[in-house]
Amino acid sequence: MGPSVGLVLLFYFIPVILTFLIAFTDMGRTLIWRFIGLDNFARLFGVGSRDPLIPRILLNTIVYTLGALPLTIVGGLLIAVLSMRMRPSAGLFFRSVFFIPRAIPPVVWGFLWAWSFEGTRYGLFNAILAALGLPTVQWLIRYPMIIVILANGFLGISLAMLVFSAAIATIPQELTRAAEVDGASEGQVIRYVILPMLKWPILTMTAWHLMSFLNSYVYIMLITGGGPYYATEVWSLYAYHAAFTQYRYGYGASLVVLLVVVNVVLFLIILKAFGMQRMLTRGKIEV
Amino acid sequence: MAYKRGTKAIPYLILGFVAAPFLIMYVGFFLRAFGEKMVLGIIPAQWGIYNFRFLWQPITWGLEQTTMWTAFGNTMFFATLSGFIVTVICMLAGYALSRVEFRGRSFFLILQLVLHAVPGQILLIAVFFLLLYIGLLHRIPGVALARAALEIPLGVWMAKGFFDGIPWDVERAAMVDGCTRLQVWYKIFLPLVKPGIAAVFIWGFLFAWHDFIYVYTLLPGTIKVMATLIQSLLATEVIDYGYLAALSLIYSIPPLSLFIFLQRALLKVPIFGGKGT
Amino acid sequence: MKVFLDRLSKYFGQVKAVDNLTLAIEDGEFVALLGPSGCGKTTTLLTIAGFYKPTAGFVLFDDKVVNELPPRERNIGMVFQSYALYPHMSVLDNITFPLRLKKVSRKERETKAKALASLLRIEDILERKPAEISGGQQQRVALARALIKEPGLLLLDEPLSNLDAKLRVTMRAEIKRLQKDLGITTILVTHDQVEAMTMADRIAVLETGKLQQVGPPEELYNSPANLFVAGFIGTPPMNFLAATLEKREGKFFITTERFCLPLPDSVTMKICQIPTPHDVIVGIRPENISIGQGEIRGEIYVVEPLGRDTLVSLHIGTEIIKVIAPPTFRASPGEQVQLTFSEEKVHLFDKETGKSLLV
């Protein structure tokens, strides 16, 4: 018990507090603590010397999240439902193909996308286009946001699809058979039997990925680096860049603080919806 | 149950269509790693392992130089240490949360849950300062500790699940038979949750092996792990994609094989019947 | 070992799982705790074993309070409903586990295990894992493990409920015989009244955490203390009819809309203090009703031949009662019949309190 609490406190609790403290300083490359009150937040909210990039970053974050989230859920459902209604070996093959993004390291997944959509003819898809005699496309410059959404969305799909498949596997076979006897077509079985029984997994995965997409920036960093010219810079990546490339730790921390606040609010809403009490069971031996 | 032939093919067509670009990417990746002298940029004219020359040659970029084996060893050390920390802490805490009634138990469980609201990757700034102040910044053990802490909230729930799966009656039987609390732990629980221990370790190991942002930010450029090595090579002026594909392939082998193993280990967790109250 | 539960209570928050239970168990006695699920019988057993600490009251073993003693120091053996065999150990290792913890020598362990195994007829499966043997065998292994350290008290938690019906009858007799041979004090928890009746020397009936009645099986059957015990013990269960107790010309009668039944002196003696008229529930067991002649009229609802006898369901007005008739009995649904109650065997319960008026 002790070490667990200790480590969690050390690397979770203290960092949260530290983040809040740093957010009120103008900590820079020199690592000197100097409190400047609400200046960082004033800058964020456009009071006084405002940060002209903020509206852009905000819009990017919304577009990115609203793009990747439905892709993950709908895509995950589609793959799970279809692969579970196939021959088992074929279903397993497709699930393996879509699980690979999560099985390989992020850097490799990033490399795959960066290479596949490389703008010169050395990139995979451009090489194919060139081989077919078609003009090459500057993918990462013309469609950066779409590529970032796809790369992250299919990462989400790999988890969602597994969770949904597992849930479908627990639906008793009698149920789908009963529906078929009752005269339901393949599509109707999915619509009236399978999907309603996936309600909880769908809600869980939506909540999980909503938070995940709001906070994830590693893949964007690896594929586009936030560019070209802030086209794919989302809030969390902007915070990272502020701190670790521009060495404005104080400003970066204030960006994170806002994100933490949004997270906690979202999380409380989710917990309320799911009911936490049932997860806590009592001990049954009192010695 | 027999369906019309036409409708039966639809799922295959849809998934085949969605999977096609990815299959092209994966196949292209392999061709690029093992191919030499590419024709039209994608079709290898000759097979070979020239792209794997880092296995016996140092890797250089800019003015810097390292070997693949150093980076691989660093990654292995980092991931093993992190996995070990996660396992020990999660197993102890998971047992306590599953079986022992103590003050603050509910609070701790809720705390573990609420921590999910704050993903580790956005706390990086604070973790940077924390490691700096306790003198562990720029060292693999320090970063491994910080990385392990990220997996603990979920890992503890996972471990709790494994212990929850062992019926109370088995534990009660052991206590009637004369076990102390500690003896129950190592004579009964440990053998029964062995697959669980393996799963938690692999879980911690894999996340550390996959990690990019922590090692990239918290380790100096001179200590390279596989992830940061590949990233450095990607950031150079002239990119040799074949070489990078080969390096990425080597880097991906351990997690890919572990994922297959993890699936089996998880299936082996014993499942009991009975009233279990 | 003697066991004494002294005003024992166990609450879980607001729920009173066991409420002020006092029960004395003699050395070598076989006592069953009987009741429906949720009546507190398992909680009582787990408190005796030491897994739960009493909220109030005491558990005494041989006149010593053991409230604070951990299970391993109580010198008890226990068989669980799910048997709780250690899945990772062989049958032999399971049986000898308690002795290994006591650091008994390997030779002695194996001698004792072999002796018990032959007593329980499981010598052939000692090398197997619990998952590889049948439910009946698992049960015997669990018994062997409970008995090997020669405990002073054996606790059985629904030991037969996971067995099929036929095996249950066999094991019932075997466990009873084993208990008599070893002379070990035994407490059995069960929801099955047949199990309790057949195996135990005395039965304690529990309901919502409270002790309803305790006594030998015949006593519970013949003079149940209240409506709950009367309805719980016996299959098919006792018939109940709402009625009024009246006194006319010094004689007691029970009257309903349908019939009026004079009570015999043996019953009258016990109720002469009761003011009349009085609302009562009349209880009569199915075997104490005969079909043929009599004052009471009924209509056949259904006839179920059971081989040894025939179970007849009848309407008396709107109420349904069950009667055990001889195997030769024939009737078709809707037929009108006449009935006689054996007055001597009639039970009377207070309508308000449910308590028997005869004890």
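Quick notes
Each chain gets a letter, A, B and C, in the order it is written, and its residues are counted from 1.
Keep in mind that, in the parts below, a residue touches a chain if its C-beta (ideal position, glycine included) is under 8 Å from a C-beta of that chain, and two chains touch if they have at least 3 such contacts.
Given the structure is predicted, the values throughout are model-derived calculations rather than measurements.
On a Cα centroid basis, the chain most remote from subunit C in this structure is A. Chain centres defined as mean CA positions place B nearest to the mean of all protein CA atoms. Looking at contacts between chains, the pair that accounts for the most C-beta pairs is A-B. Remark: subunit A and subunit B have CA centroids separated by 17 Å (rounded to whole angstrom). Subunit A and subunit C have centres, each the mean of its CA atoms, that are 59 Å apart. Work out the mean CA point of subunit B and of subunit C, and you get 55 Å between them. Across the assembly, subunit C contributes residues 50-51, 70-71 that each touch 2 or more other chains. In subunit A, 282, 284-287 are the positions where the chain touches two or more neighbouring chains simultaneously.
Across the assembly, subunit B contributes residues 172, 175, 277 that each touch 2 or more other chains. If you check the complex, the residues on subunit B that touch subunit A are 1, 3, 7, 11-12, 14-15, 18-19, 22-26, 28-29, 32, 40-43, 85, 88-90, 92-93, 96, 99-102, 105-106, 108-130, 132, 145-146, 148-150, 152-153, 156, 164, 168, 171-172, 175, 181, 209-210, 212-213, 217, 226-227, 230-231, 234, 239, 241, 244-245, 248, 251-252, 255-256, 259, 277. Of all residues in subunit A, only 1, 3-5, 7-8, 10-12, 14-19, 22, 31, 75, 78-79, 82-83, 85-86, 90, 94, 97-100, 103-108, 111-112, 114-116, 118, 121-122, 124, 126-128, 130-131, 154, 177, 180, 186, 211-212, 215-218, 221-222, 236, 239-240, 243-244, 249, 252-253, 256, 259-260, 263-264, 266-267, 271, 276, 279-287 touch subunit B in the complex they form.
Partner subunit B is touched in their complex by these residues of subunit C: 42, 46, 49-51, 70-72, 74, 76-78, 80-88, 97-98, 101-102, 145-146, 149, 155, 158, 162.
Residues of subunit B that touch subunit C in their complex: 167, 169-170, 172-180, 183, 188, 191-192, 270, 272-277.
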